[in-house]
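The structure is given below, and queries will be raised subsequently.
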Amino acid sequence: MVGSSSLSIELSGLSLRNPLILASGILGTTFSIMKRIEAEGVGAITTKSITREPRDGYPNPVVVELEYGLVNAIGLSNPGIEYFVHEIKLAKRLLKIPLIVSVAGGEIEDIVYVSRRAADAGADAIELNLSCPHVRGMGMELGTDPIMVKEVVESVRKRVSKPLFVKLSPNVTSIVEIGEAAADGGADVLVAINTVKAMVIDVYLKKPILSNRYGGLSGPAIHPIAVRCVYELYENLGDEVEIVGVGGVETWRDAIELILAGASAVGIGTAIVRRGLKVFREIIQGMAHYLEEEGFSSIDEVVGLAHRR
Amino acid sequence: MVGSSSLSIELSGLSLRNPLILASGILGTTFSIMKRIEAEGVGAITTKSITREPRDGYPNPVVVELEYGLVNAIGLSNPGIEYFVHEIKLAKRLLKIPLIVSVAGGEIEDIVYVSRRAADAGADAIELNLSCPHVRGMGMELGTDPIMVKEVVESVRKRVSKPLFVKLSPNVTSIVEIGEAAADGGADVLVAINTVKAMVIDVYLKKPILSNRYGGLSGPAIHPIAVRCVYELYENLGDEVEIVGVGGVETWRDAIELILAGASAVGIGTAIVRRGLKVFREIIQGMAHYLEEEGFSSIDEVVGLAHRR
Amino acid sequence: MYIVGRILEIKRLTCRIKAFTVEVCERVNTTPGQFMMVWIPQVGEIPLSIAYKEDRLLEFIVAKVGRVTGHMHDNLSKGDRLAIRGPYGRGFTLRNVEKCLMIAGGYGLAPLLYLSHELKRRGTEIDVALGFRTREDVFYTNRFDHVADHVWVFTEDGSYGIKGMVTEVMKKHVKLKDYDIVYTCGPELMMFEVVKHCLEQGVKVEASLERVMKCGIGICGSCILDPLGLRVCKDGPVFDGEVLMKINDFGRYWRCLDGRKVPIKSRFNS
Amino acid sequence: MYIVGRILEIKRLTCRIKAFTVEVCERVNTTPGQFMMVWIPQVGEIPLSIAYKEDRLLEFIVAKVGRVTGHMHDNLSKGDRLAIRGPYGRGFTLRNVEKCLMIAGGYGLAPLLYLSHELKRRGTEIDVALGFRTREDVFYTNRFDHVADHVWVFTEDGSYGIKGMVTEVMKKHVKLKDYDIVYTCGPELMMFEVVKHCLEQGVKVEASLERVMKCGIGICGSCILDPLGLRVCKDGPVFDGEVLMKINDFGRYWRCLDGRKVPIKSRFNS
């Protein structure tokens, strides 16, 4: 492949053949689909967020397709860590690329427990998805309070030596404040952004479509928001952590934009609906072409360039 | 016009021939363009946000067009209240529809001053745009701190008897908390939402495009976010205040969706770029048709319907 | 986005099965074997095969099995609105089929009904075998009359038509090699038998699978088949028999709402 | 979104005026009179008329008047990149023009150059009058040679061509009634004179205006003309003379960056 060697990166010690990562919650449910996605060229895979106990998720409808994105409220449906440990082990046996296990929960001890089980099962990195309603936080999302964020991250950091990713929500007054708390807690990598809180109402049936009423907006609609968040994080925390940019990436241009903003790697989710699994290969080819055209010898050189005066 | 009578509303005591309002910052700069937009059928007009002193705004580029919206950072360019008073007087002489004057500033006393001058000049209502960096707040936006919001609104409320609108930013952890503060301060109407903080980087020139680097995302991309915000506000504050829904409205469906979520009226901004000034007439016709088809005798009956169990 | 539809007619076909004819506000492009996600506000959303289509009319055949289908049976009536999205998925092969056999179990006849009408238009010669448990379960056999050359109806207890399992049609009633392709839809164990036998006989076969579906558009991962990582909603629901034989899950494992696998026998009965 | 362009050539035309030929990465559909917003990263973005177009080549004629144009003159060189968006606005009338007169002042010849080539392709007979202050300011008169039937060049001091204001062409050198339309671009007071005279003579006239532009797409309100509420960026920059005569601002008021109006003489001189 054209210039593919120059696309490889090191992300918090993990070697990725290219900076594309399957975002959490999109298809990362079984070893079999992970294997298939690896064959499409992706650099690393994030699993669906796993909780301590199995969760059915919300009843259907759980997703609404819009012209420029999706609104989803799957409700963290997952088989629970006990069952998922086998999936991790199978995946690790079959995959050559790094496997990042996403962990969710409403209580610190659950999050620590799941993280440890996942790490022990062979996860190459742990990603904390802190957008669950926190039990002690009275329905408030864990990821919106810097004090709680620091506490959770610290607790996991103490018990898990693998690279620690923290996924940030854009639904906060200051994503930098939350990012700082995560970095202070010991996060190696910040992943930005999760979906943007949204709603879709059907004008004829006159009800919110999602069974949970509220959902998260993803896809092209949120791309400029993701670019802003990554840029802000890099400007303020670029020396302390690495950043994975996620949000509305559909083309190599979108990916490069996030990298210029400061992302070392780029997550892909919703694009799979609109472009199919071939989207990975398309973006990789486009990025390789861009590197050559623009005279870069490695994608590393592009990271954060938009900050240069 | 088909069923147009049933589209008329009362909004905080103002009579609107239909629920469409020109959003602040879009063309509401001179009496002449306001007159022209009135002729396109709009129900009320909001002016560009006016500050105490004239402001040049940010240097170009100040806007980026995307496929599904705009990112802008005009920088509150405006001629200052001293000059704008004449524009208000001319507008009031020529317009038959209500004129809402949007007011911005970084200091409470400036905001109160501009509000009073605008009210005295004949504004039918005052809308506070609290997304300016607050001087005392060390760069933090005035509109992101509930305590400051309440203080500002209260201060204006004391000196201005006209209907008081408060425009809310979606870039906060809880828009309901800010809305509550505004309602507590004495706001009659909450306007949601302002633009979503965003950024666009050119991959070849490798720089943020806007001179201010950061900008605000508007247009279809933010519509589901606006629907969510209006729904949340109506659920929590629907008994205390009226709501104007703004954000990505391009068709009558988008407008009705906001009304079902709880908006009494609907602001239109970016749609003018993509659909032209005729967008007002198109939406009005679509809404009238919807009312008939669905058997409503007045648009009032639609407000907040999506909340009904 | 959703397309809004209005129920034009509801027909009670058996005590467990009703047919809903829905008029939708815009034309949809569909092919037999595809499904739609049908949303009943404040109740839920489920995948349903397109059982028939004509202009802006869509027909769904709905077996009452649980919460949403129960509500559809008990509370929906003519004139009610529902919203649908789709069509989704990959349908049956339509090209280069001169002669085909369809084997359906229960409401599995739904996609085959639509398929038979579509193939008839293309001049295909069609034989159909429909299986039911007992006389009271039999429905819609007549809808195949004008399109099929032969229609065999089986009941397990022999209370109607031929006594026995519908799968026997392959072994006793036809010369399988005469067909370019066999299409099957119904209980998975039945389909498993059909696929296995057809492949043994060297006859092309396609089966339409069911799994729990959440997104319906290939991203949530709730309908994955191991070990190939195929998505029933996107890569299926219709699969080629050769592919199915490489899928361990086929005929063996189903996934619950939380994604865990359970043996298929325990939950699946026609 | 922006289209990225690379500067192929920079020509110094006078000490205040340079021509930039830019190769863009994709073809753009333009019509004479339209403008583009040209962005020089970390410097600024300004509106520029399209002065010539061929395939993926765009030519801009840039007068050095301030910050951005100054930077373009002093710091840009061949091979540099810039980004442009557009084309924007409404251009000149192209249809049903058998014979036309163009009256340009200074760099106002830019849109008329492109217009003359486009009209020539359509078989229009073209006469052109170009006005400059003095000999050193004269440029590009030859670019009209192959397309125009007559080219008159005026200088205010008579150091080149005909001595006098270019507006005199209407009164002394041609029979205005012979033309289907007069096109003009240049200092606004000059255009004001042209429009007024043409309308008095009953001849159709179009003029291309300049105002401070921020958005360029008709929403920021910085380019509004009172009292009709016309937007130069969207409803213009080319306006019909009849319309212009209803605009108080025309020839009288300019708007600053903050939106306040100032008398035009104080800021505008060719």
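A, B, C and D label the chains in the order they appear, each numbered from 1.
Definition applied: a residue touches a chain if its C-beta (ideal position, glycine included) is under 8 Å from a C-beta of that chain, and two chains touch if they have at least 3 such contacts.
All values derive from a computational prediction rather than experimental measurement.
*Asks:* What's the chain with its C-alpha centre farthest out from chain A?
*Replies:* D
*Asks:* Taking each chain's centre as the mean of its CA atoms, how far is chain A from chain D in angstrom?
*Replies:* Between these chains, centre-to-centre, one finds 51 Å.
*Asks:* Hey, how far is the Cα centre of chain C from the one of chain D, in Å?
*Replies:* Result: the chain centres lie 67 Å from each other.
*Asks:* Taking each chain's centre as the mean position of its Cα atoms, how many Å separate chain A from chain B?
*Replies:* About 34 Å, centre to centre.
*Asks:* I need the residues of chain B touching at least two other chains; which ones are they?
*Replies:* Within chain B, residues 66-67, 204, 206-207 contact more than one other chain.
*Asks:* Give me the residues of chain D that touch two or more other chains.
*Replies:* Within chain D, the residues that touch at least two other chains are 42.
*Asks:* Think of each chain as a node with edges to the chains it touches; is that a line, ring, star, complete or other?
*Replies:* Graph shape, chains as nodes and touching pairs as edges: a line.
*Asks:* Under the stated touch criterion, can you name all the chain pairs that qualify?
*Replies:* Here the touching chain pairs work out to A-B, A-C, B-D.
*Asks:* Touching chain A in the complex: which residues of chain B?
*Replies:* Listed in rising order, the residues of chain B that touch chain A are 66-69, 71, 144, 171-173, 196-201, 203-204, 206-208, 213-214, 217, 220-222, 224-225, 227-228, 231, 253, 256-257, 260-261, 290, 294, 305-306, 308.
*Asks:* Please give the residue numbers of chain C that touch chain A in the complex, ascending.
*Replies:* It comes out as residues 1-2, 4, 37, 39, 41-42, 44-46, 81-83, 85, 213-222, 224-231, 256-260.
*Asks:* Which chain A residues qualify as touching chain C in the complex?
*Replies:* 25-37, 48, 54-57, 59-67, 70, 72, 74, 77-80, 83, 202, 204-207, 209, 211, 269-270, 272-273
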